[in-house]
Amino acid sequence: MAPEVNFDFQRRERIGLSEAVFCIGKTPEQIGEAIKLAQAHGVPLLLTRLAPEIFATLPPPAQASLDYDPSSRTAIVGPWRPPAGSPALAVVTAGTSDLPVAREALRTLAFYGVPAREIADVGVAGLWRILKHEEELRRYAAVIVVAGMEGALFSVVGGLVGGVVIAVPTSTGYGAARGGETALHAALASCAPGVVTVNIDNGYGAACAAIRMLGAQTRSEVSASV
Amino acid sequence: MAPEVNFDFQRRERIGLSEAVFCIGKTPEQIGEAIKLAQAHGVPLLLTRLAPEIFATLPPPAQASLDYDPSSRTAIVGPWRPPAGSPALAVVTAGTSDLPVAREALRTLAFYGVPAREIADVGVAGLWRILKHEEELRRYAAVIVVAGMEGALFSVVGGLVGGVVIAVPTSTGYGAARGGETALHAALASCAPGVVTVNIDNGYGAACAAIRMLGAQTRSEVSASV
Amino acid sequence: MAPEVNFDFQRRERIGLSEAVFCIGKTPEQIGEAIKLAQAHGVPLLLTRLAPEIFATLPPPAQASLDYDPSSRTAIVGPWRPPAGSPALAVVTAGTSDLPVAREALRTLAFYGVPAREIADVGVAGLWRILKHEEELRRYAAVIVVAGMEGALFSVVGGLVGGVVIAVPTSTGYGAARGGETALHAALASCAPGVVTVNIDNGYGAACAAIRMLGAQTRSEVSASV
Amino acid sequence: MAPEVNFDFQRRERIGLSEAVFCIGKTPEQIGEAIKLAQAHGVPLLLTRLAPEIFATLPPPAQASLDYDPSSRTAIVGPWRPPAGSPALAVVTAGTSDLPVAREALRTLAFYGVPAREIADVGVAGLWRILKHEEELRRYAAVIVVAGMEGALFSVVGGLVGGVVIAVPTSTGYGAARGGETALHAALASCAPGVVTVNIDNGYGAACAAIRMLGAQTRSEVSASV
Amino acid sequence: MAPEVNFDFQRRERIGLSEAVFCIGKTPEQIGEAIKLAQAHGVPLLLTRLAPEIFATLPPPAQASLDYDPSSRTAIVGPWRPPAGSPALAVVTAGTSDLPVAREALRTLAFYGVPAREIADVGVAGLWRILKHEEELRRYAAVIVVAGMEGALFSVVGGLVGGVVIAVPTSTGYGAARGGETALHAALASCAPGVVTVNIDNGYGAACAAIRMLGAQTRSEVSASV
Amino acid sequence: MAPEVNFDFQRRERIGLSEAVFCIGKTPEQIGEAIKLAQAHGVPLLLTRLAPEIFATLPPPAQASLDYDPSSRTAIVGPWRPPAGSPALAVVTAGTSDLPVAREALRTLAFYGVPAREIADVGVAGLWRILKHEEELRRYAAVIVVAGMEGALFSVVGGLVGGVVIAVPTSTGYGAARGGETALHAALASCAPGVVTVNIDNGYGAACAAIRMLGAQTRSEVSASV
Amino acid sequence: MAPEVNFDFQRRERIGLSEAVFCIGKTPEQIGEAIKLAQAHGVPLLLTRLAPEIFATLPPPAQASLDYDPSSRTAIVGPWRPPAGSPALAVVTAGTSDLPVAREALRTLAFYGVPAREIADVGVAGLWRILKHEEELRRYAAVIVVAGMEGALFSVVGGLVGGVVIAVPTSTGYGAARGGETALHAALASCAPGVVTVNIDNGYGAACAAIRMLGAQTRSEVSASV
Amino acid sequence: MAPEVNFDFQRRERIGLSEAVFCIGKTPEQIGEAIKLAQAHGVPLLLTRLAPEIFATLPPPAQASLDYDPSSRTAIVGPWRPPAGSPALAVVTAGTSDLPVAREALRTLAFYGVPAREIADVGVAGLWRILKHEEELRRYAAVIVVAGMEGALFSVVGGLVGGVVIAVPTSTGYGAARGGETALHAALASCAPGVVTVNIDNGYGAACAAIRMLGAQTRSEVSASV
């Protein structure tokens, strides 16, 4: 094992989630090293925040070994295949600019074999857009709500459905949006009871939280795919 | 004129709004002085943030001269009478705890002869509460929305009605509500176009903004009462 | 119905959680009104942040109608009885000073009929204390972790168990603890994947999030008591 | 309709303002998609924050279809023509650096058919500059004041005119100007009664607020152009 | 000398200003000790932030030895007499609530033998109030401007006079006034060139800065009284 | 006069300081316009924050007309010549990285005909460096102290000399230096009495403050050069 | 063992420091419980932040068992006796108001048997005060520097001595002192190399850090007393 | 000596640490000047924050004279050789992204002749990684812990070992990690007693603190190499 990387390979067995590689702040060499390590151990690996311009700097063999998705800025080192079946949860976005974060959540769910539904651009300025999906949303065990700016969508969804509502505040917006802090605080100070939140732009974390929940709920069914 | 108080008596003629006395940070003597000054000039005077415990410290003659309303923490030195007629605008609150701020707005409007409608406790956690009033709200030239915590109500109302929407963020809430800053930022970063805001807990300022707007709109009718 | 209170009685049916009364910023009259309203509708009601000194100001009939618990600063208007059975989740605290917040979570869970386990004072400065409970904690569907100061316990628990980990940052600490913001940020920036968080000192919200999750998980069994 | 964009075409009818495209954070493809969508529906569309370097990345047909104005960083997809007639309100700036924001407000007003007057570089360090326009400003139903740094102009104008005063704090300045936060706080804490504010650099929002006000004021006359 | 107090008696000779006693955070015993020490050395002593309720807790002999002024919350241990002659500078306040801070500056100036002029309640919401004094203010070598809320008065005065302008931001206001930070930032980000500032509510510091300036300017004349 | 620039040419006569051009946020065209305007009026003009890369974008005639100094990022449009004579004040820096800000102050002073002394790199980590200059510094009417990081030099100089001490906090440093805020707060909270401060990195403002002071002190002598 | 308190009795053996009781936020019952627990185990116990008014609420037997020192707000449950011998380190304060924090450090050192020297009120506004002690300070293995306001003393001491310098920022000051944050940031951004810091007002932590260092340095000698 | 650089060459003799060159914000000329100065005096010199892209801009002779290490972004001007012998302390990192900061500490230690042990990527999400090193860590006189995000590792190590624990918070992370502030606050608010901290990303400072401690501990042995 390289002295700079000390993978926690036991994590999947211990908590049901494997260690992912957050690519910002890592050198192409370190990322390549992690890929080789995963391949050597024969385990699938998820890479997040792998922007196209960083992806382009990876060594060609590393690039070739990756199932890369630029819209979510994620890559997967196989063996892996997309989940099928009816969605267990929904990922909802307030605006088009929130999509990269939502897609990070969707890819993470897919990596763990969990099918999910994407509903985009349904912010509260046109309230009919989210209300149109009310009945559908009430059927899911969880809804991941991705919103920036003032984050009003968290409370609106939290007041409509009884399942778990996981807020993902995004850095969409400017000025008083404060790089996502306003949406984050809105999630935390929500008047809807029991809304939980993760870090700004952390689609990955929201998906992991959903995995923890679903794992506990339906440990038997999911275990096959996870 | 006392050297400590230098009233801007020309303000009403100049901008249609007279100088009010913000009572926090003033001594009972200074408040009493202001009341006497208004009486000597024969002009009505509005006092704001006059908490019951401060009111109780005023000299008895000052107390007797005031039309005091503890729920809004305001007092009026006559001549004055409450407005009548159908409401020109609505004051809406997200929760019961936002009422003192809403009442400050309502009393300020009343001081200037503007009748208004109070709609309380219609926060978005139970969305049907505000939607029940949608048609009514669309008929007003302006809606003052009073909300603390995450302030989601600002955007919801801003997306439903075409009149002026004046947000009044309140200090209701704790922790990430940050003493009203989260609601304030939510108003500023709202996804609904054209929502404007005033300072935290500033019901008085919201009413003044509405007066400016109504004065400009219907200068002739209002001028009789204002 | 009083114009100042506009209860969302449909909320329980809609999302499985009923509206609770957050007592800070409300007058004794408004709290008494809410109690009467609940009694008139024959529904149980939870009151939070009801400090002993506020409880003492309530009208005697209101006091008499409440099942009051000073350690959690909560009260319940019946009909209600404590849950029995083996715990579905654990509530863990880093220190003794975090207990009031943990107890708010426990009482909220109890109000909804969910039995839970309290494990107190197991902060990471003495790591053996939490490790002693590792096996037990791994058996729960969820762990609510209540911690102030630097909030290191969130990440440690998040790395040990595969169930849902709900962080409740508390305002315990001083200076750089920043009234709970440091623990809050620690939960959000946790290196353990899938940890979710609620507002500072919000034991109530953490319990509601757990209810949402358990409701989805075991809707049939819980429905009897909830 | 593309799944990534979910236009709220009903907004204009509902609230008198149509959905605009905020171009920061959107890909050239998404912007091009929005343009096509508007053209397909035959409705005019406003694009904001379209910096020249982003404009240059748009597909040539998209570029050709736009009435682009680099000084305001806005573009309009026709059918559209500039308003004529005497100005209904004024847009005032403290300094030359505030012009791009002021121009965004002016273009938005023009998009909705509202003629407005630009008065530039009249900050309070040379007080005679704004006082020279005092009489003119008092004639408008509204004044949009655009200022960065310490934002003193908001209060000065607010104390001179009786019409609506909409502050637009800008990010002009450095250090203690804090990227526009100081001007924003100055607008909120203004000693002039009834000043309202929008987000930092949000010329678009200020114009929308003015449209709301004018729409309410003179619904009949404006409706032809709006 | 008591080990807890280590007076810098050389300071007056070294920099023209003697050490003052800031009374907040000191015990009555420590304050009494400082008074005795000054008396033993036969030097005058200035005490600041001595609120009436703290003054009342001082030992009677200490109280008797003080020339106490509650409006400025200062006390002076003799030998001392108020300055006479025409004022060398002016102390201007935006509002009545800023007076305690202005008075602290005036007392400090008086302690050092510098006569000064007080001009109160001339905030910019009624601009004529400060303009009425324009000619007078232009004659002074320095103007200390005391203002809270948005602090617009700093820039207005800075643009009118050529003498030194020392801003004293005050904690007057609420919400976005942020306890004086907004006025402080306004002074720092002022568009008027060469405005300097001191700490929030620091009337004492502003006076000391003026003493430094006047000492340098007219070292010979002032030295008699200082 | 161009509508985008509205020079306050009366400022020099009114307050002894002329309007300068802050080049950040202005287009090359606007800067060129300002230069032409000054030349047309035959008045000298100071340009600040004119980084070499911006200077290079100016039209060649504009470049040719400027006396440009890259170390201070300032330019002067003549007629102008450097001051001679013994220095009236000193400009002191804590470190080498603070030099650009110090040089901005020195050039501004030179523009107004005030000779000054530069003393660089005398931070308190090697206290002997500033103490070596103690006697010299005590002879000046004013000392401008330029320091970033923790800004300890402000208090040390303020405790050593009796002249005016003008602190210029700089953005030198990282992390807890917070872009200059720590040095700024250190100046404001200084234990040395009468230290005043200007905005972060505002060498220009510090020089203007000194001009105000010297103008008042020695109006007759300085007026020849200013 | 009470379920609310879970003492880490192994800590002393593990890291050389025993668990102390931070009394803020604990009930008198919980404090009394901790005292009994320590007595039952026959181990000495340190209580910090035990203000006189909290001490007075303890049960009389608890009070009687404590060696209470109001100036440091600490109490010790025996067996314990003050250390003798020449001091191993010094505790220095900038001002008189910093003494309670310094005394907390001194008592903690004493509890562990480490003699230390107190040097009070030697802030940099009178630089001679600290320079007078330069030679003495250079002889100690460590200097704990306690300072609020701008915290300049940290850097001055850090530049004079080669031993360990532990900064303790205090909440002394107001306004820009920001409750100790400015001094804290000053310690962190110090230009003197190798200064370390602890939390605001954390005299206890600084002493513990010194114990760690001395324990490592002279493990054998100290172990007898510790 | 160049007037822009005023090296404190006495510092090594005075406090055991020589002045280092922090390269950010300095021109290539100033860095080259510093190198020449050190060579002229025949003293070794450490340069920090010398990113590869800045290194590439140095004059070739300067480049050639440097022992440059890109992973730590440091360079050393000889005479110098790496230390040998068993490590006196350990440098531990939570993640791979923290390595550049850890390496800055290691190179600084090496510059002063102190051998140290690197243990990388042992964050608490996989607690077994740090526990595996518990026994080894307990043997060192000091442990430098380098961690970003939530900084939980500081408290965990602080609760395991009795030696000095120096926290180095890093800017690793995003959103609520707040550029290192959360890890910084976590170090300051740690529940483990006696943890000290330095500035964000300040590996250099942590090493200097360790040198101060080791110098005091084993002055005789170390002095040969230092």
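Labels A, B, C, D, E, F, G and H are assigned to the chains in the order they are written; within every chain, residues are numbered from 1.
Here is the rule we use: a contact is a pair of C-beta atoms (placed from the backbone, for glycine too) under 8 Å apart; a residue touches a chain by one contact, two chains touch by 3 or more.
Just so you know, these numbers come straight off a predicted model, no measurement behind them.
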item: Third chains touching both chain G and chain B; value: C, E
item: Comparison of E-F and D-F (more C-beta pairs in contact); value: E-F
item: Far-end chain from chain D, centres as C-alpha averages; value: G
item: Option reproducing the contacts of G-H, where over half of them reappear, out of B-E, E-F or F-H; value: E-F
item: Distance between the centres, which are taken as Cα means, of chain D and chain C, whole angstrom; value: 45
item: Chain A and chain C, separation of their C-alpha mean positions in angstrom; value: 27
item: Mean-CA-position distance for chain G and chain C (Å); value: 35
item: Junction residues of chain H, two or more chains touched; value: 11, 125-126, 158-160, 175-177, 184, 188-189, 193, 199-200, 202
item: Every chain pair meeting the contact rule; value: A-B, A-C, A-D, A-H, B-C, B-D, B-E, C-G, C-H, D-E, D-F, E-F, E-G, F-G, F-H, G-H
item: In the complex, chain C residues that touch chain B; value: 3-6, 8, 10-11, 19, 22, 24-26, 30, 171, 180, 184, 199-202
item: Touching residues on chain F, where the partner in the complex is chain H; value: 96-97, 99, 118, 120-122, 125-126, 128-129, 172, 174-177
item: Chain E residues touching chain F - in the complex, by the definition given at the top; value: 11, 14-17, 20, 141-142, 158-166, 184, 188-189, 193-200, 202, 204-205, 207-213, 215-218
item: Contacting residues of chain D [partner chain E, same complex]; value: 94-95, 123-127, 149-152, 154-156, 158-160, 173, 175-178, 181-182, 184-193
